[in-house]
Amino acid sequence: MSGSPAVSRQEFDAIFAAVRTWGSWSPADRGAWNRVTPEHVRRATALVRSGTAVPLGLPWDTRAGPDNDRPALHHMTDLGDVEPAEPATYKDFIAADFHGKAVSHLDALAHVAYRGRLYDGRTAREAVGASGARFGSVAALGPLVTKGVLLDLPAVLGVGWLEPGHPVHARDVAAAERALGVTVDDGCAVLLRSGRFRRRRELGPWDVGAASAGLHVDAVPLLAERAIALLGGDGDSDLRPSPVEGVHSPVHALAVAAMGVPLLDNLDLEALSAACAGAGRYEFMIVVSPLNVPGGTGSPVNPVAIL
Amino acid sequence: MSGSPAVSRQEFDAIFAAVRTWGSWSPADRGAWNRVTPEHVRRATALVRSGTAVPLGLPWDTRAGPDNDRPALHHMTDLGDVEPAEPATYKDFIAADFHGKAVSHLDALAHVAYRGRLYDGRTAREAVGASGARFGSVAALGPLVTKGVLLDLPAVLGVGWLEPGHPVHARDVAAAERALGVTVDDGCAVLLRSGRFRRRRELGPWDVGAASAGLHVDAVPLLAERAIALLGGDGDSDLRPSPVEGVHSPVHALAVAAMGVPLLDNLDLEALSAACAGAGRYEFMIVVSPLNVPGGTGSPVNPVAIL
Amino acid sequence: MSGSPAVSRQEFDAIFAAVRTWGSWSPADRGAWNRVTPEHVRRATALVRSGTAVPLGLPWDTRAGPDNDRPALHHMTDLGDVEPAEPATYKDFIAADFHGKAVSHLDALAHVAYRGRLYDGRTAREAVGASGARFGSVAALGPLVTKGVLLDLPAVLGVGWLEPGHPVHARDVAAAERALGVTVDDGCAVLLRSGRFRRRRELGPWDVGAASAGLHVDAVPLLAERAIALLGGDGDSDLRPSPVEGVHSPVHALAVAAMGVPLLDNLDLEALSAACAGAGRYEFMIVVSPLNVPGGTGSPVNPVAIL
Amino acid sequence: MSGSPAVSRQEFDAIFAAVRTWGSWSPADRGAWNRVTPEHVRRATALVRSGTAVPLGLPWDTRAGPDNDRPALHHMTDLGDVEPAEPATYKDFIAADFHGKAVSHLDALAHVAYRGRLYDGRTAREAVGASGARFGSVAALGPLVTKGVLLDLPAVLGVGWLEPGHPVHARDVAAAERALGVTVDDGCAVLLRSGRFRRRRELGPWDVGAASAGLHVDAVPLLAERAIALLGGDGDSDLRPSPVEGVHSPVHALAVAAMGVPLLDNLDLEALSAACAGAGRYEFMIVVSPLNVPGGTGSPVNPVAIL
């Protein structure tokens, strides 16, 4: 992609080493969420002004498509005719192989290994098996309540969306902070809006694994320096095609495996963008509460921004 | 159960008619959640003191047992050997037929029909089909942010737990309010702790469908009068065996179908009980954010209490 | 499709009435399989010459595609690390919403209703609910052992495959019988080869719901007259687009709902075609053994032709 | 269990070495099924006399219980109201983690490893991963058509069933052959009836993992000498508790990993027992046709005995 200078594997490994926080935290598998203290929670609370709660989760999508190759399941298991009345009960079954491009979900630290190591240097092969993750599971994370920051790039640039393949560099993050009047700081949750779902609604779905707007790896050291707790967006944070040779998801590797920063993938940020624009503020309280799955490498979620 | 006076079907129907709020709300399928205004959100925020976030979701339970007859599923779908590295990715699949006694979940208004009618008088057979609910789905609810109140009955009574079959009457609710210094008021979320999971950890699982502590129907008019938004607990709110002839889950029928009050079932309230005792306060901010399942009759959830 | 004269709804209903066998069988939900007596089994056995067994089931397909919109699931649940050794055990989970175009499966009589009626005139709404089928389930069918006949149309026509949309008329069935030296007679299983999977391997997958070679409704009375027990093929027997106005799957309606003839959909007939060509015979013993699913409307299957 | 002399690990390993057929077959992952030639198929066909087909698959069991800790799933996905009519279609979803004690299934050679090795000496850790088995999958087996022999032990002993824990020794197999007039010979399928499901129907379910009638390891060399192709039964062939120290499923290890003999577990042999008794013959044609799951370690099946 023009504008995305190729990054060698050697350069990437240097970034990895520079942003790595292994050995810093206890419990290690909460990673950067350890940064979020009760004081951060109270400060996040103070960001609530209007009392508007905006959900960020996509609709559960059971239809296969170019950006949904493992569709979620939703089956009715009782239509008032299985269990005895009264009352009659209506029940359903949901299922998802949720990592990928179609389900709003949280990546726990067990989701990504680079050169065989999970976050904190744990050997992936020993830490994760058929019964799940013994280190870095989503159950070790629990919920997160902190300050959220929306980096609404299309709003900054005055466009409907970033085109697939559009890189977001460190300088773009800094420019967005200034333009939107926000500060990415320690313990916060950074949400990057590319306008993916506005584009999808207007132009139809496309193969986001092949081409997505996302963070260039050169932006990651800035996020590391600011000591963020969580990174997310309407994509999966990674720029595709990847600018790093031999690394298909370099931001995943850096955020999750090096920095211990969980990722929020595939959020619907359209309503939040409108709410922030209306309020003239791009900071808010955010609550992310993954399902409590022992050994799980992540969870479907429906995060809530409270303005 | 001694102490649980039998309630005739006629008496039950009179309560149903008395607490019914059909025709009151728009959109109707958000039911009592329409009571929660941005003002309620701001007031809930003001309840945060220490900044402690307590998750209320049980561990995802894949083992069958006397209180888990449809165990949830958790499968690893990638152990770093399916998708190409680098990075290696670890993925999982989760699934649940979540209504029942083993998964912490929210009941949306499409979950319960009494005499063929869902909340707001909708004909259940027309509103819910094999593709899901056209009225009363969990997607219509979205997230809830409001004041939560823990009615910690064992704390009030100075016992480890309420025995299975122990009824909680209107007078017990009122006594708990006084003892715990809380007020059940409009738009709030009421959580009833019976100590189920403390008992389970000490004595082992039992068939909670056969015997559970829970609300007697005589407590429901009080909750209706107070205009609550949400009712939940470590059981499913219903007393079992049911005191109402011919109605196996009378609180479900009253709360969901008559009052439009969603239910939160099977919460783990042990940590919250300890946190409230420690803080000397049984009121807090609560955030409940179900998955955004179009047509879903509910959702697994991991609610968060913020003290 | 040129060559496929449109059939009015009135004409279709006349065919339906003409081929209908309601009230003929006991148990009714075995339908045309009641034709297959022990004598038929013995005669089928006598068709075995070389002792070659040819499976007809497609590979379980977990990848979404234009002809697989609800991909099957296959998860490993133990990789020798869940249950204690010795021995170590490796286990898997399979799942499928198997009706559709991607799984080789049998349609039981509960699968199709026309004008609200299942086979034998049963009211579909009363016979099938969220807990499954009370009439016409696959468990009522059990296994079938009988004579199989391969109507290998591409072999007859000297082409690689029939193009999508190519109709197979009554006269084509009769011509195939003559050309291949076979007789479609009472109690037999008729398998129609269109060459779908040869075409797919050479040209790639396409949306077979939009365009498929298949039986024109004018061929069904001939099959009814011959008193067949089972109809199947490498498609789903139906010609698409449908030649019948307002009826998307007319052969399904006629075979299953009118005649009580179960269908075998999405068979891989390429190896059988080669085996029959090699043997110079298009008749064989066939064994179809669906899973014993009480209330099931069908089953994934891997039928075996024995030459 | 009295009557089950303890077998040391050393003795077990000697049996393992004695019955091992590694390096004998090509393709190796069809193992002992390579013994079944077209000639065996023809001879099996000649065993059909009456033309009675008896299915051996248990009902798909969705209820948890002492012998069903991972219940199968069966969901209706269309009740005529999802896809457009006409015709209306009724569809379902089935799923199972089928190894265990509740689903009639076939174990492929990838299911069992002893001392880290699958059949033919393949290293299990390299051969099986999260995407399935690269060696020994059920897709490599395909269908089996051969002579079946029912070793109906309760019929031989004149009892309703063998009590849980009852061992079947080599001498019992030989005695059963004489009493029933059958010969276990090369390429045949041996089915052992313990009467498990008659006992279950009369006395209720029990934990068969803790106590089951089954083959003592001393019977395995006889089966190896006879060069059987398939072993199965109404249990999982193994005697429990195991008579071998440190090996919980010794017959699984010997049959699958040493001999390359797939296993058929949890068959319902009650109807076959009655049919054989009625016919006065305990030999028949058997057809086992697993689903064609690439990489699968086995498959649910509904084998058919044809008398």
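By written order: A, B, C and D. Residues from 1 in each chain.
The criterion applied here is as follows: contacts are C-beta pairs under 8 Å (C-beta built on N, C-alpha and C of every residue); 3 or more make two chains touch, one makes a residue touch a chain.
The model shown is predicted, which means the values in this text are computed figures rather than measured ones.
*Asks:* Could you name all chains that are in contact with chain B and with chain C at the same time?
*Replies:* Intersection of chain B and chain C contact lists gives A, D.
*Asks:* If you tally contacting C-beta pairs, which pair wins, A-D or C-D?
*Replies:* C-D
*Asks:* What's the call on chain A versus chain B, same or different interface residues, using the half cut on shared numbers?
*Replies:* On the two sides of the chain B and chain A interface, the residue numbers are mostly the same, over half being shared.
*Asks:* Could you give the separation in Å between the centres of chain B and chain D, each centre being the mean of its C-alpha atoms?
*Replies:* Roughly 45 Å separates the two chain centres.
*Asks:* Centroid of chain C to centroid of chain D, CA atoms only: how many Å?
*Replies:* About 28 Å, centre to centre.
*Asks:* Counting in whole Å, what is the centre-to-centre distance of chain A and chain D, each centre being its mean C-alpha position?
*Replies:* 47
*Asks:* For chain B, jot down the residues that touch at least 2 other chains.
*Replies:* Within chain B, the residues that touch at least two other chains are 73, 76-80, 93, 97, 129-131.
*Asks:* Pick one for the touching-chains graph, please: line, ring, star, complete, other.
*Replies:* complete
*Asks:* For chain B, which residues count as touching chain C in their complex?
*Replies:* Listed in rising order, the residues of chain B that touch chain C are 73, 75-77, 79, 93, 130.
*Asks:* Considering the complex alone, what residue numbers of chain C touch chain D?
*Replies:* Residues in contact with chain D: 37-42, 45, 48-53, 55, 57-60, 73-74, 76-80, 84, 86-99, 104, 110-116, 124-125, 128-133, 139, 142-145, 246-249, 252-253, 256-257, 285, 287, 289-304, 306.
*Asks:* In the complex of these two chains, what residues of chain B are touching chain D?
*Replies:* Going through chain B, the ones touching chain D are 63-65, 68-71, 73, 76-82, 97, 129-131.
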